[in-house]
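Below: one structure in structure tokens.
Per-chain residue numbering starts at 1, and chain names A, B, C and D are given in the order in which the chains are listed.
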Amino acid sequence: MDLLKPTHTINSGLPDTQSAFDCRGLSITRAGVRGLRLPCTITDVDAVSQHSVGVFDLGVRVPAAQRGTHMSRLVQCAHELAPQVRTADLESSLRAILERLDARGGALALRFPWFVEKEAPVSRRSSLLDIDVSYDIHLDPWERRPSLQMSVQVPVTTLCPCSKAISRYGAHNQRSIVSVTLQSRRPIGIGELMSLVEHAASCPVYAVLKREDERHVTEAAYENPKFSEDLVRDLHAEISTKLQPAMLRVETENHESIHNHAAYALIT
Amino acid sequence: MDLLKPTHTINSGLPDTQSAFDCRGLSITRAGVRGLRLPCTITDVDAVSQHSVGVFDLGVRVPAAQRGTHMSRLVQCAHELAPQVRTADLESSLRAILERLDARGGALALRFPWFVEKEAPVSRRSSLLDIDVSYDIHLDPWERRPSLQMSVQVPVTTLCPCSKAISRYGAHNQRSIVSVTLQSRRPIGIGELMSLVEHAASCPVYAVLKREDERHVTEAAYENPKFSEDLVRDLHAEISTKLQPAMLRVETENHESIHNHAAYALIT
Amino acid sequence: MDLLKPTHTINSGLPDTQSAFDCRGLSITRAGVRGLRLPCTITDVDAVSQHSVGVFDLGVRVPAAQRGTHMSRLVQCAHELAPQVRTADLESSLRAILERLDARGGALALRFPWFVEKEAPVSRRSSLLDIDVSYDIHLDPWERRPSLQMSVQVPVTTLCPCSKAISRYGAHNQRSIVSVTLQSRRPIGIGELMSLVEHAASCPVYAVLKREDERHVTEAAYENPKFSEDLVRDLHAEISTKLQPAMLRVETENHESIHNHAAYALIT
Amino acid sequence: MDLLKPTHTINSGLPDTQSAFDCRGLSITRAGVRGLRLPCTITDVDAVSQHSVGVFDLGVRVPAAQRGTHMSRLVQCAHELAPQVRTADLESSLRAILERLDARGGALALRFPWFVEKEAPVSRRSSLLDIDVSYDIHLDPWERRPSLQMSVQVPVTTLCPCSKAISRYGAHNQRSIVSVTLQSRRPIGIGELMSLVEHAASCPVYAVLKREDERHVTEAAYENPKFSEDLVRDLHAEISTKLQPAMLRVETENHESIHNHAAYALIT
């Protein structure tokens, strides 16, 4: 595939409508492509690589005097980036896109499932847990450095302290999706962030659990009840201390086993 | 709104491409519109009415010699049906559509959230539970009567018997979505079907639960553990006996609190 | 239904875990319920009412010294609000919720489909167009008045100026979803905002179009090509002038007919 | 990772609830796991391999006398299959699962995005098109050989013949999703099936189109208008002749640029 070749300029002789002068006097924050799905190879901060399927959004700032951007170049940029995404180096990926588009501002967002190999707590059987990860980086003309956000969505078990306290036996528990979004000077590993999330829950979840593991997680969750409020407090405190992020948003959405709606809590 | 007026024929003098003769010799099973969202008033078999928002799919059989169908008439049919959907009389709704489209076969599908008022088990506080309901009716030229399927998707609590049996305390439990699809000579009420589903689960779910209710449902679920396999067996047996449907499909999807995937079981 | 009765206090004698003192010293931005689906009656600023189905998110600020909030009260608040949502008076709805929860900050979000009756451009046939609408209002202790955002998502037709300019005949066109989010001192009607969006597109969309209407919209879109960039510029200028909002975000996502991804543009 | 080792039997001394005798006398069609997301390597019939992310559903038949199945073994089977999925050999994958679970019937379903490298029609620029692919194979005790279904969902452009015929210029067109499901004695390649779908549309879609390509696809679609009805007829005839499948279902869903709903047609 010749995706990596520099753009081959074909002098097509066709009018370039997008490059026309625009007289409305209004610059456009972002114009680009969204929802572009591509196979990708992602290398995390610890140099571990993984194949996944990513969804890319790319856009640039369009100055007031220009009618539009060149969407097809953005699609080509995504094709070039996808086989070699480095989570610790998205700044150069964004800068390369802006240069290619001759733009002074723009944004790159990327989301993909990431798979973490985990051992079941007793049997030590290995299995993979899928978590949703996204990166969002943007740069505007008045900023010297791009602003990068990293997000993970980690499934965990939460067990309700109220239900445990008031009931003679049992306690309702459920799968919760914990979302962490942060900005940090130093790159944070996906696995590192996932571990902090799991530590703040009643119990982690696993793809494979043998009977002895199932007993373990059942009892562990019962011994460690957490409201959504407890979880976000504990997690916010832990991440603040350990990672000292410049920005931090912590949220959990508990898919309550006793309701048809979710309980949520967030600290931002 | 003049939605209910008979179609006002405008002799537009424009060519009618859809009615052209087709020489490919292939009839089309269904052609029509899908995903049409409309406000609707639904009257169930017990004459109780409810406002909801429905999504309609309507299509007709296109005979081999005809190029296409008239999509806009199907949209008008849906507009006329939406304010007065009678779940016990979808056969005449379908027949009216077929007549309007001059078609010898076709299908009407409709899905909507239905709200059931329930009392919390101890405090008796009222709240509404939303369940997804759908009807699918179709008729083909070689059939004397239309074939009607009714489906409900009911959220319930399930608690794992294995987890309870092997653990010193606690047991994992989760929200499960139970789907029942059936064909029946006599019309079945939505609430009637929902009650049978809830009865086969570890415990029903509710929108409002006060503390004394929460204790009740926690203990009730613990006292009544059910595998997905147990649930579908119990429910299939109960519906077969009580409703004697001509066709029955029972399925549960448990959103496991200890995994990031679902457990499911189905009997068809 | 006794939903509207003041909360009946049952002295259950059960421990109130949520009200316990919390020593972590961290207040929680929001804790509450999310994804609660209820039938609702919505009255817009022009006093026109409509039945719809809404999805509610309600949450409150939890002070540092308190462990959690009372989720079931939030669910009750949503049940009380749903039958009488007034888009011009969500401030009092939010204040009532905060009072009921004894909270000094919190948020209410609500999204629902809204149906606008439209006449086809030539045949004048009436039909309903469904648009997604949401309101998001929140108040924090350091603010005197709540902050309210209104959003609409309106489907329209866009036709590509480049495709038209470079091709001998035809031009690719597609359904686009235009999202407008704004804050405004005076309440804005849903229909008013929708009209501004449709005016900025290549052509509005309709549920029912007869042949003479189809010709009209086909030619109208061809005569009025718009890039996603053009659409957001025209719409941003128009809304700024006409409605003078305190905050405005305008975005379009074009579901390109020639690609499997979307083109988008936004001004914020 | 020791995923591929034979299951290490830990004599945990815990009761095996799932293996208990069941006296309800009702066998279960399927019990298992659903929505398990895993990275996978897929080899198509032409021996070409690709990394993707798959979602797996696995279930077995549970005989009347047995209470339940062993869900964790199914999860392990999926982990073992994922790195080496061979689309032409899913029968042995299913048989291995049934053997491992000691089951006489069961099902394996798998869906994933597949990426096809395509050249733009004029500039010859390469890019990847993502299509959704799924396989569903099941075997029951009364069958000698499993039943295998293959499905693809291919995005294409359709241009409306009516709109073209009645308008002085232009014609509405849109992205359509064409779904083909078939059973075939000989394995069918994903790319082969995709090509047949694209051939039956007004025009294929591409991720990267330069200006000269955009002119080409605009004019090509205009020269080749297709109703949803035309598309399914042409495609059904072509697949029937070329591939002689044992079962065939062809459907298109056109995301109309002039409506907020879809037009569809299907032949089964």
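Going forward, contacts are C-beta pairs under 8 Å (C-beta built on N, C-alpha and C of every residue); 3 or more make two chains touch, one makes a residue touch a chain.
Remember, it's a predicted structure, so these values are computed and weren't measured experimentally.
Asks: Would you pick out the chains that touch chain C and also touch chain D?
Replies: A, B
Asks: List the interface residue numbers of chain B and of chain D, divide the shared ones by all numbers used, and answer same when the ratio is over half, different when under half.
Replies: Mostly the same residues form this interface, as more than half of the numbers used are common to both chains.
Asks: From the centre of chain D, which chain's CA centre is farthest?
Replies: Measuring from the centre of chain D, the most distant chain centre belongs to C.
Asks: Give the chain pair, either A-D or A-C, that is connected by more C-beta contacts.
Replies: Spelling it out, more C-beta pairs touch across A-C than across the other pair.
Asks: Distance from the CA centroid of chain A to that of chain B, rounded to the nearest Å?
Replies: Centres of chain A and chain B (C-alpha means) sit 35 Å apart.
Asks: Could you tell me the distance, in whole angstrom, between the mean C-alpha positions of chain A and chain C?
Replies: Chain A and chain C have C-alpha centres separated by 25 Å.
Asks: Report the inter-centroid distance (CA atoms only) between chain A and chain D in whole Å.
Replies: Distance between chain centres, rounded to whole Å: 27 Å.
Asks: Identify all positions of chain B at which a residue touches two or more other chains, and write them in rising order.
Replies: 14, 36-37, 75, 130, 162, 166, 207, 209, 211, 215, 259-261
Asks: With chains as vertices and touches as edges, which is it: line, ring, star, complete or other?
Replies: Drawn as a graph, the chains make a fully connected set, so complete.
Asks: Okay, in this complex, where on chain B does chain C touch?
Replies: 1-3, 8, 10, 12, 14, 16, 36-39, 50-53, 72, 75-76, 79, 113, 115, 117, 123, 125-128, 130, 207-212, 215
Asks: With touch defined as at the start, can you tell me which chain C residues reach chain A in the complex?
Replies: 14-15, 17-18, 22, 24, 26-37, 57, 59, 62, 67-69, 71, 75, 161-162, 165-166, 227-230, 232-234, 236-237, 253, 259-268
Asks: For chain C, which residues count as touching chain D in their complex?
Replies: That would be residues 129-130, 155, 157, 159-160, 162-163, 166-175, 203, 205-207, 209, 211, 214-215, 217-219, 221-222, 255-261 of chain C.
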